Amino acid sequence: MLPTLISSPDRAPVEGWRDLAAGLDTARAGAAMHAFIRDLYPICRSITGDGLRETLRRVGQAIPLTLHEVSTGTPAYDWSVPHEWNIRDAYIKNPAGDRIVDFHKSNLHVVNYSVPVHRRMSLAELRPHLHSLPDHPEWVPYRTSYYRDAWGFCLPHRQLLALPEGEYEVCIDSTLAAGSLSYGECLLPGAEAGTVLLSAHACHPALCNDNLSGVALLVALARHLQARPLRYSYRFVFAPGTIGAIVWLSRNESEVQHIRHGLVVACVGDPGPFHYKRSRRGSADIDRAAVRALQDAGRPFEVLDFSPYGYDERQYCSPGFDLPVGSLTRTPHGRFPEYHTSADDPTLVQAEALGDSLAQYLRVLSVLESNRRYRNTNPKCEPQLGRRGLYPLTGGRADSEETELAVLWVLNLSDGRHDLLDICGRSGLSFPVVAGAAHALRQVGLLVPCEPETPTLDDATCDGALIR
Amino acid sequence: MLPTLISSPDRAPVEGWRDLAAGLDTARAGAAMHAFIRDLYPICRSITGDGLRETLRRVGQAIPLTLHEVSTGTPAYDWSVPHEWNIRDAYIKNPAGDRIVDFHKSNLHVVNYSVPVHRRMSLAELRPHLHSLPDHPEWVPYRTSYYRDAWGFCLPHRQLLALPEGEYEVCIDSTLAAGSLSYGECLLPGAEAGTVLLSAHACHPALCNDNLSGVALLVALARHLQARPLRYSYRFVFAPGTIGAIVWLSRNESEVQHIRHGLVVACVGDPGPFHYKRSRRGSADIDRAAVRALQDAGRPFEVLDFSPYGYDERQYCSPGFDLPVGSLTRTPHGRFPEYHTSADDPTLVQAEALGDSLAQYLRVLSVLESNRRYRNTNPKCEPQLGRRGLYPLTGGRADSEETELAVLWVLNLSDGRHDLLDICGRSGLSFPVVAGAAHALRQVGLLVPCEPETPTLDDATCDGALIR
Amino acid sequence: MLPTLISSPDRAPVEGWRDLAAGLDTARAGAAMHAFIRDLYPICRSITGDGLRETLRRVGQAIPLTLHEVSTGTPAYDWSVPHEWNIRDAYIKNPAGDRIVDFHKSNLHVVNYSVPVHRRMSLAELRPHLHSLPDHPEWVPYRTSYYRDAWGFCLPHRQLLALPEGEYEVCIDSTLAAGSLSYGECLLPGAEAGTVLLSAHACHPALCNDNLSGVALLVALARHLQARPLRYSYRFVFAPGTIGAIVWLSRNESEVQHIRHGLVVACVGDPGPFHYKRSRRGSADIDRAAVRALQDAGRPFEVLDFSPYGYDERQYCSPGFDLPVGSLTRTPHGRFPEYHTSADDPTLVQAEALGDSLAQYLRVLSVLESNRRYRNTNPKCEPQLGRRGLYPLTGGRADSEETELAVLWVLNLSDGRHDLLDICGRSGLSFPVVAGAAHALRQVGLLVPCEPETPTLDDATCDGALIR
């Protein structure tokens, strides 16, 4: 075989594109993530309170985290920070006085944000406060009562059906009082302007795929990137769903304009195939990068159009922000039967899947980090590649190497209007091959990067790039 | 089941969108239309003359109609109003003196606009003046000789083949003389600027689907709308084909600029599936509304691209006007074998189909009436829907209601750039559901309509709507 | 049947569009092209030297050709004209002294551009200089050593395997010295501004489909067009591949801005189906014209997207030029097994295929010559076609003629924004039918051409064409 670009004999092998997943021990990373999930699992989280606070404290032991507390009543657009909810105990005692439903056995047993109650009542009186899943009679559902004065218990349907008549004692030893909403942020600074937002909701109690898997992946991602030089700054947000994202946005409007790309992280621990949900924009760089990285991975995946239903992309992609934020999950919310039930437990999420998700996130970020628009410095006719070691040395052969093709594609389309993702799309070549060719051409001075994009996110024209 | 938007317990059910077809008794309407067709059937219409005039008179008995008479010779762009044609009698007598072809049995027997003739001639001399349909030997074809000095007869092919040699007497007791071209207009005024043009050709003699069905549908439509408050003004035009539309356009150039939407009505009485022919623009609001209403109806239909062949959309969509006028038919012209033959008689059109067509027209107009671009008054993050009664009251459930989804879609896309039809397209939800959500949001002040579009039909920017 | 547009009885038949292929005797033209290929076959061409010069001399005997000589060392963008290569003899003698590889038997035996050598050496020493095709053991490959100081021989793999050990005499009696690069140009002037570039590489030695077929086709095309009035000027370029195109571009930058359309010609002699490779622009007029002409021909063909690999479209479509130049071939380079081997000989190319290719090129050029944007002089409503002889004389028939439809389409879309190719695309009618209708409408004054496009190739607005 003839020498090809990458192994050209008279040059050191070019480094190619910078794959952030290089060197990742996915098995080890996956096992660590799973251990972290098991560690957080018993904590009773909610959208405020000590369970959330303790979770963020443990995240802060793993990565540098800034903790924020926002007082009850603080306005945030159409919302305000609610009373802080804390709970010490909750149970139902049957007529015989046995604790038949016990918060200490599973924090899912109490409707999250229940107001305090301690009363005796008949089954008929109690019944409207009980939630179960007739289709999954052994599972306990996850229910919340945010923004309402209500209380309730969740239990297996089988158990509910067997409840005898009689007087029950119900107790929810909770408080709803002025306090604060907690969220944590980790910022890894980058060399150029622009931020990548990575956001996970951290408010769900004993539920693993949704969303301790997201919390664990963000922690692992931050640890992995921490050690590496980065082009963009990375902002990791751990906050309660909906109200947390709304509060974060309301306190970070000046930051928002720097966000170039973003991903909402959830449901990354089950063994299902990847699903990428597009941003509201539909073809933002993050959308193109995520789809390209999934294509290059060569495994089945599904792309979903944006919808205003789901996780905190609902807030990031609200029309007043319209941020380029997508969501990369394995099986999406609501599509696995264990979703929002006690069956979303540590056995549903798998170390192997978690490690694999981390690697896929790194591949997406690698594309973002390397993607640029370049300008061919020799735009009139092809440059002489042979004397620069970028061409097979014997002409006239009927086939041609993929890397040689990539060099020609990058030269041809680097007119300041096409970025490397465009070149992948038009050439059918993978991002690593195209980015490797761009790197090699840059080394020999045939390619220069266009000016960094302006912070407005508009499709800035590459200065001097339009050649004719 | 949980309460949903429409039946939210603490609010009166929202009225949803205003469906103009609500309350329509389609069976009764269809029967009335069929009776009207049978009433008009025997009249010998043409592009001018007393048959057309009598038809308009009967239309004017059903709805308020302004009758216009335009004198012979009046110029209209490349055309001028022709001589008025009237006919009292026409026949062919065979050598034995029997009336074998008789205008009084069917007005299709005479070539429409034939010059007068009264002569005796051999079969050989007569033969070039006889028209028949070899493929349908029992049917009489419909033929015209506009803008030429010619005469002729139409008869069943079977009869033509059986004609013996001998001397025939032919008589067409017609006149072609200075007179006028008649057309009628009905205007229903609306609350906002902008007109909807609804146009039917009224020149065909004893033919029912093409186009007494169109005349009858327009009459029924005007009667139905007359009683209702309307957003747009509606202009119903009953005119002879081609020359009538041309004359109407030439006399209404200042009116034309107010036309926002339009439909040419024909062939709405056969039982075939609906066909929508796009306007020349291809994606005008009328095109989007008609297709959406057909999709929402949930029955098979066909969408045809514009072509400059057909009915008076040829004139309305000529390049000098390029009006947003499509055509909604059942089986289109030329696609049913009875087209332009004596078989297009009162048995071809059916009361049920006519009523159903009227309902479908009303559904299309309902979409036009309700479609708007709105602006979300709380564009940054989602508003709190719960406290406005627009949200299921217990969170955490895995499924979500269609109406809740519609509320989220309308909020997300109401940035002044998307109208409700865009939101249907992107969400996959039906127009009634989306319009109902918009109505509910408007009620609680979360949505305000963008300014009405300017009369230029340009894609006016919604004032203040671009949020960022 | 009723009279139709073309044979309307009261008018002379309109001439329709001007088909440049009309009157072509494809059999005779194909035979002449094949004879020309056989004549050129034995000459040892390269990117410089007397073989190329002699080839251009013979082209100049057939058509008026301007010969250019560009001195060694002349810079051309990133390149410079190399030393001129000439060769008188080359051979390998086996240990017994027999000429076992002989340049005079086939000029493919020597690696093109080999430096001189005359030595005795062992088989082991000789081996790295020998090239063969293991998959086609009877064929001699075509190899070059441009821009490197190297030499070599090509021979059948079967022969290579049978070489005995021993001392061999190798001789390449070549010179590499200051001289010049030759290319030839033929210019046929046209009536309007704008040039069509037709380019063939003329540097390959004894290879027929690639690219003596291209040279022969260009010669036949120039001879055919020479006798005819032309709208565009036609510039035929016969130059060595890559360096020749680069040198031509560097010396013709002022000419380049006049190029409206272009085709790179190669591989037009095999019997395979046509393949059209789009220009970098993808939908330039030449792309639309070539695809339309192939569609109209009614035979299978394939359209390939642009890629920066191939023939001299690589240079013409480099980002600094981005010329509207496509490539029309039969089987493309690299897709036939004989490509770049001794099997690409006069038996691979066929007179019939050559003649057919010439006719197809003429059909593409006919589309380019006739394609225009027109303006309907009667844009408001249809004009009266009947009194101009452009309409069937008896109305009311259910069918309609293709030519009548074409007349209506041309009138409807001739608003200064659509050219005839657009009208073909939207109507589904063939270019001859649409162009014939345009011709007829022009004859009666209903159509006027928009101003010729400006030389900038921008989508110039048709002066006064936007009617509203």
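Each chain gets a letter, A, B and C, in the order it is written, and its residues are counted from 1.
Just so we're on the same page, a residue touches a chain if its C-beta (ideal position, glycine included) is under 8 Å from a C-beta of that chain, and two chains touch if they have at least 3 such contacts.
A quick note: this is a predicted structure, and the numbers were derived from the prediction, not measured.
The rotation relating chain A to chain B, fitted on Cα atoms, comes to 120°, given as a multiple of 5. Under half of the residue numbers at the chain A-chain C interface are used by both copies of the sequence.
With each centre defined as the average position of its C-alpha atoms, the distance from chain A to chain C rounds to 52 Å. Contacts with at least two other chains are made by no residue of chain C. Of all the residues in chain C, the ones that touch chain A in their complex are 76-79, 112, 141-148, 242, 245-246, 249-250, 280, 305, 307-309, 314-315, 317-322, 333-334, 339-340. Taken together, the chain C residues at the contact with chain B in this complex read 376, 378-384, 386-387, 393-400, 405, 408-409, 411-415, 426-427, 467-468.
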